[in-house]
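Each of the next two complexes has chain A plus one other chain: chain B in the first, chain C in the second.
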Partner chain A sequence: MQKKRWEASQTSPTASASKPPPPNIKLRTGIVGIERSIQEKQKQTDESISLAFQDLSKLMVMAKDMVHLSQNISTKIREKQGDITEDETVRFKSYLLSLGIEDPVTRDAYKSDNQYYRSLAKQISEIVHTPITEVGGMMTLTDVYCRVNRARGLELLSPEDLLNACRLMESLDLPLKLYLFESGVMVLQLVTLNDESIADSTAELLEEKGSLSSEELAQFLGISVMLAKERLLTTEKFGKSCRDDSTEGLRFYPNWILNREE
Partner chain B sequence: MRRRAGVGAIQKQRLEQEKYKDKGNEIQENQFEQMTKQLEVFRVNLEEFAAKHKNEIRKNAQFRKQFQDMCASIGVDPLASGKGFWSVLGIGDFYYELAVQTVEVCLATNYKNGGLISLNELRTRLIKARGQGKQHQEISQDDLICAARKLKIFGNGFSVVSVGKGQYMVQSVPGELSMDHTAVIQQVANSSQAYTSISILRDQLNWERDRAQKALGHLLKEGLVWIDLQNPTEKLYYFPSLFTACINSSN
Partner chain C sequence: MSEEQYEWPWQYSFPPFFTLQPHAETRARQISVWRNLVLDYFRGTKQYTLDIREASRQSLFCNTAINRKLDTEFILAILSDLQRTQNAAPIDKQRHRWEIYWHTLEEWANMIYNYVSSSGATNSVLTLFELTQGDDVQSEEFCGLDTDVLIKVLRVLENERKCELMLFDDQQGVKFF
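== the complex of A and B ==
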């Protein structure tokens, strides 16, 4: 009898091992219940993320194809093979910009028949014209970017959008234009501003004050240190100032070498 | 057929070349039309993807990073234009606004750290500024790096500098940070203090006196370090941009 029971109990574990476990785990309350529901949620999140990654991968394969195709077309345009029309080239460039594909084809002067950037240029000019005038006629693009996006609130501009629009300003006869300093700093400035007048007025200030550092000039004019530095550099370029470069910083003096008589 | 010489053969060759050229054009025209068609299909798929996963992108920083990384690897920038193809995903505003706020924080802290701020401090300040609530999204380090890098095209010197051990600094003023300068910042960032000195650099980085002097001199000139002349042994150089990190770090 014992043996039989023993045998019976021996067979049952194996029997249940081959049977699949009951599908529904009874929901329990208490900590175990909470843990279980967290696990369930995590599982669902994981599933949805992995589904999202799958969809993402499929999307990227498609995108990659288009990038290759665009590279072929771009090469043909640059080597002037075949008859790709002017119109098609323009459309192609706008595809590249829209997809965010870096390509030498888009780097040259952007055609001004893009309606979006033209109206953007006008909008930007309206927003920052007065502020720029108030700070002395010049504002860094970083500054402009912040102001314009703050003004818009929604549907913000990307830095590239801003740059492309600003590039068009001069050709659209707007009161502002894009200017690139040798250092690489980009500003929007009033078209009425020119280098020489900046150099002259800064040179006068130097005579008055004896010498100036970027910080001092910035404070005096109420502009950023970076722009003050650019003004001082411009003045130096015109030969109206001399620099004194030390660990205490960069200072500029009126150009006594040329101006003072010995 | 016997290959012919003479005018006839030349003309025939020319004809064939013409045919090939036309075929070439044909193939290439097909390429452009092909692209136009593919773009349409892609647009539909992208919109479907956006409808299903827009939320995921918004909430999940890791998914965002994955997305950005994949785009970068195939050569597209989904943030290149606010009005571009990818705008249907609705992540543009998130990053562009982050960029604006980054500029503001950098400007506000510039006077004390000289234009160099640790990514951690930047992130802390941003989260505080953005406030809880709203649709408070998780801002990851990668999000900030992405936003900060976009500002580079303005030529104002915005750049993200790696200082090792997964730490980053954001530089917001133009000025060359050479590898030596980065090494100094790295050394300080990884130590438990916010200062360094010539002897520390000689000891830790195995540099000669002149090399250490030159690097520290430049950083001093750029306003990225403050000098402490009161130490009896030697001059100490403090990084204000690393003070907060010092306080917040666990060691």
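== the complex of A and C ==
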């Protein structure tokens, strides 16, 4: 066998002497050959990864520069010293563009949270204003959260951020505002929506139907059961309905106890 | 009249009437209607006492036609309000049993004293039985008055020095002045 190997290795150099041998691949047969070629492939991969990381360290050097720049800008804003030169702004924007960020409303782009939330509030208001109007002027915050994040696609909002932004809406004169029910349910509603008018319209509905449960009202108006319940409770608060709480469930009737002529 | 003959007001058939309302104004009106209903019912059926534990069997608190009844909390709320105006009083510590004064004790006292004065029975002794069940009193409002309530009424008069109770084991009587 030794003899054979020796022979084999002798033949290969001569065979490949006529043309330049392919750099890393040795001609071998059998299992050893396969093993060797796997080893070679691994070595290749290793090398190319190292090369890639070399690029990354270049990227890091660039990023360092950009971070420096943005820190500069934010310091200037904070201390209100000097103007941010147009040059710096342009450089900053070009960096952002090169990273693929066009101009999203992201936390990092803003110095203070308040600024961030203000813009967020406006964006949210734009996104959900029409849908809210379509469903009767009120939407639970959980529904708003889903819609807004679906619309944004990337750069999803945390529930916290949503809540903080919604809190600002009223003070920013936006067409929507945050409303907290006694039960703790939070909704975003049109500023034109008025508790008493809801109570009135629900009371009329009760007169028409005789009595309603939350489920029935929800079905009739095409809104969620939770919101329907809130409507009924609001109507009760204004004294325009009274409740019937029994083993058959909770229902509301027009407030004859108070309002019916004897 | 008997219980079956009693004519209920429209509220009795209105389901929300049996749920204690959270809205303040509505609740006040509701309690007021219930008060009047209780007093009127007891007067109409000539009853004087009530046990809350039996409430589910009483048609006053339980309308089987609409499958609604008052819960204990609600009944106590009504009774407490009646107590406030001296139209009811608990007669045991746990407040299960109550006396209902569809006339207050004062009102009964005046009624009885006026009758006694006008019929010239002052300075004579009357048995309690005569006073509430006797032939002479059949047309009087206080005819059939519950004995325990009567004794309380007479004590009111006693305090005003208008009578003296004589309660012995075998005989119960009163002398008016």
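As a convention for this text, the second predicted complex is superposed on the first by the 149 of 262 C-alpha atoms of A that agree within 3 Å, B and C clash if a C-alpha of one lies under 4 Å from a C-alpha of the other, contacts with A are read in each partner's own complex, and residues count from 1 in each chain.
Keep in mind that, in the parts below, a residue touches a chain if its C-beta (ideal position, glycine included) is under 8 Å from a C-beta of that chain, and two chains touch if they have at least 3 such contacts.
Not measured: the values here are computed from a predicted model.
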Which superposed partner A:L221 touches (first chain B, second chain C, both, neither): neither
Touched partner set for A:E236, first chain B, second chain C, both or neither: second
Partner chain in contact with A:R251 - chain B first, chain C second, else both or neither: second
Partner chain in contact with A:S158 - chain B first, chain C second, else both or neither: first
Chain B versus chain C as contact partner of A:V135, first or second or both or neither: neither
Of chain C and chain B, partner touching more chain A residues: B
Common ground on chain A, meaning residues reached by chain C in one complex and by chain B in the other: 246-248
Residues of chain C that touch chain A when the two form their complex: 10-11, 14-19, 21-23, 25-26, 29-30, 33, 67-68
Touching residues on chain A, where the partner in the complex is chain C: 211, 236-237, 239, 242-248, 251, 253, 255-258, 260
Chain B-facing residues of chain A, complex: 48-49, 52-53, 55-60, 62-67, 69-70, 72-73, 76, 81-84, 88, 91-92, 95, 97-102, 116, 140-142, 145-146, 149-150, 154-161, 163, 180-181, 183-186, 226, 246-250
Chain B to chain A touching residues, read off their complex: 24-25, 28-29, 31-32, 34-36, 38-39, 41-42, 45-46, 49, 52-53, 56, 60, 63, 66-67, 70-71, 74-86, 92-93, 96-97, 99-100, 103-104, 150-151, 153-158, 173-174, 217, 220-221, 223
